[in-house]
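Multiple structures are listed underneath, in structure tokens.
Common to both upcoming complexes is chain A, partnered first by chain B, then by chain C.
Let's turn to the complex of A and B:
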């Protein structure tokens, strides 16, 4: 064995391994989304579980909204369900509204899934034809949007939440004050949002 | 039940692989025959276990056992049976399970064909295979465990990634890819076996050559099937985009191609020992690197969010293999003295050396382009991608040069060429080259690299065909009989050489197809009312209305298109959009009419959703695309022909090589 050469080959290997190790710390999936900082697309969706009637985002101005897309066939959704359920109860006093939006699934299966998961304290909405999912540029499920009091998307998360991560994100959204008093009607959404963006610059 | 069988088999495989690895090494070190035998028995047993594990997974998929984690991820009651079975390899965990099966198969087969004839080298090689196996079985019990329990079991699953259940070629591409990829671990293991045992003659080369050719043939077929799949499914009319996943399969192919040529120099001229070992090690490392780079699923799935730790496992494995094999090679390099030397610049070995330099440069270019985003982010903290223009600019000259070499190589003999003989052999190919070049220029072709590619393709094609013609003529003169008999005798007397030339011809045809379809591609986009038509080249395509149909796993909407060639009705095409239930975006399936001279390629981009009165289509005419697929199959046939077991005495080449080696 020629040990000098062995040592040299070792030195040659290190930068290659270092580079690959660096690559491992990067997340190739962090795709820049145009949504954070922009107004959340409005929707009006029927509630199929935990409530009745419909929900419109525009009527929720002045409240922080957690919008979670899920499906009964999605395994990762199971992992984050407990965190979402717990957080929704914890933040109810502060007026944070949680909604689960069913993605490419039937309400009947969604209802049975929620039952399997031990129920959930917030309403589940049915997005027929995935219109809302398309508006939000959904990448996959689970995917969650946190919307502040001004109707702007504060954070978008692809993949399951951990409880700490979720509460940190909600706290961040809660720290943002409402710029304008909530007005009625979706027409008011855009001017308000423009004012916010203008003010931030 | 299936879950228990599956879990048991992967755990048992891991345990046996670790045992066999240790028993094999200890057995050979202490000359304990019983231990060595038990290591070999372990290899065979693992193959049995992995077979059971894979069959159990198929059974779980087919019976929709959603309590099995992997089935819950990729299964769906609405997926047709065929796609359910092949979803075995449609996501990360299943593909690793399948990988483990193929690896266990290779380990057992390599052992079966060599038995204990190779002594310590064979024992070390088997231990290396088991070591690689231990890594993959470890993945199967930890980060890529397909047998996890899902409780309560979901009622239904999402089904495989829609892109992967859109075309039957998905049944072809991955298995061949794995046969190619995993097959490269056999020559790697023989090389490590040689280095560990200190048996540094060309025994490892002889032991591994057929395995390399086989794996290379499978990899060639897999790459071609992958190109074909992306052409038939992705809807942009292309077949290669220098995507990291494609590069990952292409890089080991390049180094293996280099090895297939340089190994002949070692066999014939007793040169390039260190180089050949390096190529084999690099090839294996590149297969693992490719898997590492695309770790987030074989193809990043729309809803696979398992971050997991599999990347870390792969990184540790790459680090270990890289350091271990390089150190081993470096430590032994002074013992690997070369005996031969170059006699003349005008010889086949010179061409092989240049070919190796080009292929290595090629590999480095692709590697650089693939890793560049990572380097840029590490150094400057910005996300950059290099994209196709970089790859095309850097690699087209290399490909063109390789085409030329493919023509020259077969004309040149070993050691030193006779200039008169060479002139005679150059005559026809050079004429073919000039005529092709002239014709192309006269017909108005001005693309520099395209012209060069066609010219060299003509040169190489006629050069390789000429070898068959001259060989057959010489044999007929010597032995009499008809042309056909002489031809049969010729290729049977030296299957390796003439199989190789056949592979060359396949590759040249593919190169012609690639050049023509890139340079002469014509594309138009049109929005048509029902009854309207669009004309492109000799084709006129008429839109006859939309048609929708419900299929079990998807809803399909397509445009009825009638195709006319020079005004004559030649049939209909049905480009369509498939709506899968778990995918928001529809997946397009283009309609392709393939003919020897060109392909008509229709993609439905959009349609009037209210009444179906209009459709927007992309219409592409691409010349000679079909040649790529034919060429790819020819490459595989040529390679396999060269290693096909024959029942006659080996060609006298072997004995000549031995004498050459003792200089």
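Let's turn to the complex of A and C:
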């Protein structure tokens, strides 16, 4: 056997094998989001279920916010609904605000879906034209953003939550202290390293 | 012969007729510069809910809404680069149909060229080796035949 030839073939095929190994071991759905660690895009959206008027993120500064994008046609949204509902009741005394944002759907269908799911203890918002969804770099539903007291995105979750996973993420956001300094830019307030760890899922 | 000439004439005129039909009629609304810019920019951005389609090629609702955002931002006076930067800030560089030629992305541009050069070099040297080996074998055969002939004569 010509060992030199074997060694050369191996050497040339190594980068190709490396590239394939890198590509095939990655989940194509897991795309890093640039949002974690940066200020959450502001929005003002009308409430269509469980409340009246509008909600502005800027008015919620100082509170942890859980922003869940959902749709009536989304199967996976059904799996996480109970976890979100339970967590919202559990964290209400600590001031955690939950909002569901309807994505590419009509308020009528969203309302009917909430009713089918046995109700929802937090407001549902209507995002006409998906402007807020695009501002948050949404790929699909369900997707959830956890925003800390300083208005920074702590975590972005693609796919349905389990209850334990959700409570762990909220606890992490609650552990970040509010800073009084203005938070206009990414440099103004830095969340702790622990909080940003695991950023986009 | 005459039939052939008519067929050739029809073939020659067909593209011109098709172009004339495709050209905008006087009643059509001409495409504005804004729409041209929206189309160009939409071709450079990826549809987030599709497989390998640009916003321009995608029929998805989200893509149409993203095109509306592009249209709105361009109409407000933002440059195409600023609009692209907006989408990159929301979705990351993944949103670009063609990744920037820097860092690890360079591999996408460099590797095909390297592969092509390596392949061409391999083919060149292998072919040369075959030709040489073939020539040497032919020469050896000729020499052997000559030897045989000489032996017969002797």
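Basically, the second predicted complex is superposed on the first by the 152 of 201 C-alpha atoms of A that agree within 3 Å, B and C clash if a C-alpha of one lies under 4 Å from a C-alpha of the other, contacts with A are read in each partner's own complex, and residues count from 1 in each chain.
By our rule, a residue touches a chain if its C-beta (ideal position, glycine included) is under 8 Å from a C-beta of that chain, and two chains touch if they have at least 3 such contacts.
Computed from a prediction, not measured in an experiment: that's the story for all the values here.
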>> Under the stated touch criterion, which partner chain does A:138 make contact with: chain B (first), chain C (second), both, or neither?
In response: both
> Regarding the shared-chain residue A:104, is it in contact with chain B (first), chain C (second), both, or neither?
Replying inline: both
> What is the contact status of A:12 with respect to chain B (first) and chain C (second): first, second, both, or neither?
Replying inline: both
>> If we overlay the two complexes on their shared chain A, which of chain B and chain C does A:130 touch? Say first, second, both or neither.
In response: both
> After lining up the shared chain so the two structures overlap, which partner does A:116 touch, if you call chain B first and chain C second: first, second, both or neither?
Replying inline: first
> Of the two partner chains, chain B (first) and chain C (second), which one does A:24 touch, if any: first, second, both, or neither?
Replying inline: first
>> With both complexes overlaid on chain A, does A:73 touch chain B (first), chain C (second), both or neither?
In response: first
>> If you tally the residues of chain A touched by each partner, is the higher count for chain B or for chain C?
In response: B
>> Quick check on the output: what are the common chain A residues between the chain B footprint and the chain C footprint?
In response: 12, 19, 104, 130, 133-134, 138-140
>> So in the complex, the part of chain A that touches chain C is made up of which residues?
In response: 12, 15, 19, 31-35, 41, 104, 129-131, 133-140
> Contact residues on chain C for chain A in the complex?
Replying inline: 48-49, 61-62, 65-66, 68-69, 88-92, 94, 107, 111, 118
>> If we count contacts the way the header does, which residues on chain A are in touch with chain B in the complex?
In response: 1-3, 5-6, 8-10, 12-13, 16-17, 19-24, 26-29, 71-76, 103-105, 109, 112-113, 116, 130, 133-134, 138-142, 158-160
> Which chain B residues qualify as touching chain A in the complex?
Replying inline: 69, 72-73, 76, 150, 152, 154-158, 289, 292-293, 296, 300, 302-303, 305-307, 311-312, 315, 318-319, 322-323, 326-327, 329-334, 371, 374-375, 377-378, 581-584
